[in-house]
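Note sheet for the following structure.
A, B, C and D are the chain letters, set down in written order, and residue numbers restart from 1 in every chain.
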Amino acid sequence: MNIAFDYGRLLEETLQECKHHTERGHVATYIPELKKADPKMAGVALMTARGLFEAGDTRVQFSLQSISKIFSLLVALEQRGAEAVFAKVGSEPTGDSFNSIVKLETSEQKPLNPMINAGAIAVCSLIPGSSVEERFAHITCLLEQVLGRPIEIDEAVYSSEKETGHRNRALAYFLKDIGGLEGDVEEVLDLYFRQCSILVDCADLARIGMFLATKGISEAGTPLVSANAVRLVSTFMVTCGMYNGSGEFAIQVGIPAKSGVSGGILGAVPGQYGVATFGPALDRKGNSVVGISILKRLSEVLDFSIF
Amino acid sequence: MNIAFDYGRLLEETLQECKHHTERGHVATYIPELKKADPKMAGVALMTARGLFEAGDTRVQFSLQSISKIFSLLVALEQRGAEAVFAKVGSEPTGDSFNSIVKLETSEQKPLNPMINAGAIAVCSLIPGSSVEERFAHITCLLEQVLGRPIEIDEAVYSSEKETGHRNRALAYFLKDIGGLEGDVEEVLDLYFRQCSILVDCADLARIGMFLATKGISEAGTPLVSANAVRLVSTFMVTCGMYNGSGEFAIQVGIPAKSGVSGGILGAVPGQYGVATFGPALDRKGNSVVGISILKRLSEVLDFSIF
Amino acid sequence: MNIAFDYGRLLEETLQECKHHTERGHVATYIPELKKADPKMAGVALMTARGLFEAGDTRVQFSLQSISKIFSLLVALEQRGAEAVFAKVGSEPTGDSFNSIVKLETSEQKPLNPMINAGAIAVCSLIPGSSVEERFAHITCLLEQVLGRPIEIDEAVYSSEKETGHRNRALAYFLKDIGGLEGDVEEVLDLYFRQCSILVDCADLARIGMFLATKGISEAGTPLVSANAVRLVSTFMVTCGMYNGSGEFAIQVGIPAKSGVSGGILGAVPGQYGVATFGPALDRKGNSVVGISILKRLSEVLDFSIF
Amino acid sequence: MNIAFDYGRLLEETLQECKHHTERGHVATYIPELKKADPKMAGVALMTARGLFEAGDTRVQFSLQSISKIFSLLVALEQRGAEAVFAKVGSEPTGDSFNSIVKLETSEQKPLNPMINAGAIAVCSLIPGSSVEERFAHITCLLEQVLGRPIEIDEAVYSSEKETGHRNRALAYFLKDIGGLEGDVEEVLDLYFRQCSILVDCADLARIGMFLATKGISEAGTPLVSANAVRLVSTFMVTCGMYNGSGEFAIQVGIPAKSGVSGGILGAVPGQYGVATFGPALDRKGNSVVGISILKRLSEVLDFSIF
């Protein structure tokens, strides 16, 4: 890739070409607060060695939702070790949807992987601390180091999820029943709902992508987590990061990525880029339609695929 | 059946023949309090037009557990009508175990029937009242009329279930998520745990069986519920009353019956008998092993089967 | 029921009232030959101690389809004994559809009951004989004794099923794989397809119903099979005879019954009636819509329910 | 990696360290012929730019089994195009075992991916040709170009699978029923059983791995298939190549790989190595235990992971 390559123009053109895909999707409705999002929004950001490039709605704030699973997993791996994590959560992709409860009953009775809701809740239960605040601080602390700014949560989303998150509550109590959740269920759920409510924008996600693409090094050059933890998380992002659309995404885009139902997608092109998209209109698997179409296009042009 | 038939002797002999089956089972462990039961206990009671006959441990008190589902269903049918009940719960047997959550996700998203836990919790949510106490009074009131004595609950079992009933809590929140549970989840669970904790003995169950066998008439001759509600409940007892062992029980015994994990089985031989057994050692489907063997034997001698 | 009761008029009136329900259903399409049926046909027949009453299309011939499962089960029970039968097939109802393969993999690896396709195929494999013809003769022989006339099969339906019965073939090979099918798969399938193709009319079904209602006695008063085999079959008809609509049918009609996808329903009111309906328009569970509505109505008037 | 690195010694040492893992596994039993394999065999081969290195039982011939899925998929992609292939088969990993039939019924009614048996059978049905021989020639022709030698099949394995492959036959007929299989079922199965019976040794597999690692270039430098087809196949190998152990393998080894129940594992380290192991003792997911342990070790030393 020539150093003079015009990333800004590429992003702008790609955004224009893909924008109409927003019409094919629907905003998430299962958390009342998320329904308020504008389905027409679309943005893309690319973090490169030459800095950040962006186009569209990259400075609109939204809640991290499932993308936060990356951070609780990094924290759990660093604080508790891989063995303790894999005692509570498997490493297999699943053909089922992100909030499915079926496999908890029919499989080996632990969540198949840490990227589905059940698995992420189990991971949250492993984060140490004597209070929810203390446990949550592990996550925000890391994220603040990555982004270089203080973290806030969207209080309305947090309250909304806490009040109406019946499915996640069902998953958590089921986990408790099968011995898959440490500690108090409601406290773990509180932690989970908090991390889902962390506010970011698309540009932030591109920075986080770069942090993963460089195996855990901050922009200032400081290693924040071990390279091995990043490798594990990146592997999970490939095999399970896009819910039960992960296989197709691997075929079409081919990079570690994680989506959230608020419309963000974060991607890491190892050693090269952090890339992120935003667009709250989702396909039926819960992934941003405009986001996937943009990433597919960029992958063709910039040769993203690790395969 | 000759009027001089010696029921007492039949019960005594049958008990002696079947007693050894207690060794094949295990007491329920999923509620800590239930583990304390003596697996060797065994009793059988038969309510006939000539009165009550009994043998073995028929005066040991235990909690109703799933047998209580009969009463909440009767109350819901009487107070809310069949249509309202069937809007929240199906009428199909299931090949899955009593506390399975799988079909809630894969089927028509309402519990398959009111005899599995999820269905019974949905039914509880239909019982009217401005407080748990008021709602629970509907159930105890009916039961007190049937038994002619005040009802108490086993406080230790109630607390134990309330604290450790994670699976039932998971089912309830899952129901809430899919619109299958009216009102507050914890209040409905409280009601459900209370009814499960009602104290009875084997002789009581035989009286309740007779109440159903006579289509809802009290011993004093008063109709307590409509014959149609009893017919509906009796049908469910045949198709789903013995969990996922209902089909085999229909083949082997052939009467409306309901079992509970505390070891009771209640049966109704239409127009003839109320029959009940007690024995806390359960098979892996959750039914009393000695109870089933006794009922099988009695069915052969007294020609119970409605088929 | 008064001896002068006008059954003929009741049937005629019920048929007129229920006829419009044919519009709610669709003829079976999975066997090409069945698509040719006229969805508007409707008929009802009632065999009583006073003889046969009928209204509507009761003399139109159609293939037995799943109703034939009754006969292969009777033959297997008589020829091989209950124990041998239950070694290959369970006795539990299932919440799944009649041609489902899921439970074969996830459950105890034998078909849940002999009324679903997998179970009926397993039962067919138990019918003795050195050739398909010899094995099939056991079934036709019994049926000829019940109906007092020679039996023929619909060759077009037989060929059609044999050629296009891919799902049944899948079930049979799956059974073979898990040790659930004796002998040669294609031979067993041949037998199964033959019995499904046996030609009857609605009046025949009412006679068969009476044969079951009298516990296996022919019209001439000869016992053709043991009362116990009839009791077992009748029990299965209640718990599983109407596919995954059996529970609702038990609630609404309350008698042993068996439906087939060609549109017939056969019912037995113990000690009283054989009853049958015909109407090829099916609901999504595979049961005749007009048939169910007629039986529901008759059950109310004639008090069919065994519960 | 220094050019003087002693690959031969590394392989020999790794083999010695890992050999004892053969004791933890069992040879495949579902095809009678496979039972004859010696569970203690173990071998490893590495194809590098400097040539082939090997240790242990690398010249013992065995049948390709599931590893053949790579070749039928390559052929189908080249001959029919990606769109035609993805019309018949999905691209999602599954948490279920390789011969599971459940998802065919409960999911979108096409096999989740081309690496499970159902998917591979669907892919076989897409390979063009007017006879099985002609269709099979597409596969052998490609393989002969890759290996530079004539291909033979193990006739005993072929006959054994053809006769006893009831589960695969069930999958194929189920596919036919849901419109997922083109043409004649038995012919497609014949093709599938032939490709499974192709004879290779561990050294061959390393060569095939190198062919994939170089995006489809033969040892002589000729492109044999398009780089895009290789990219698609490599992606599937990562997400689904090791059955429902693919996620864990991605975590532990991190390369495109494919295993077969005869004990082979083929891996491709993009741009660097072809790597292969042999060891017929399998874990319960169907992967060679000694093979996985060797690859895990080599991955640590040679830094295989693409993540």
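Side notes on the structure shown:
Rule of thumb we're sticking to: contacts are C-beta pairs under 8 Å (C-beta built on N, C-alpha and C of every residue); 3 or more make two chains touch, one makes a residue touch a chain.
Since the structure is predicted, the reported quantities are computational estimates derived from the model, not experimental observations.
When each chain is reduced to the average of its Cα atoms, D sits farthest from subunit B. Subunit C is reached from subunit B by a rotation of 180°, derived from superposing Cα atoms (nearest 5). With centres set at the average Cα position, the gap from subunit B to subunit C is 32 Å.
Distance between chain centres (mean CA atoms), subunit B to subunit D: 54 Å. Subunit A and subunit B have Cα centroids lying 47 Å from one another.
Annotation for subunit D: residues 106 touch two or more other chains. On subunit A, the positions that touch subunit D within their shared complex are 90-96, 103, 107, 112-113, 231-232, 234-236, 238-240, 244-248, 250-251, 254, 256, 270, 305-307. Per the touch definition, subunit B reaches subunit A in the complex via residues 100-102, 104-106, 166-167, 169-174, 176-177, 185.
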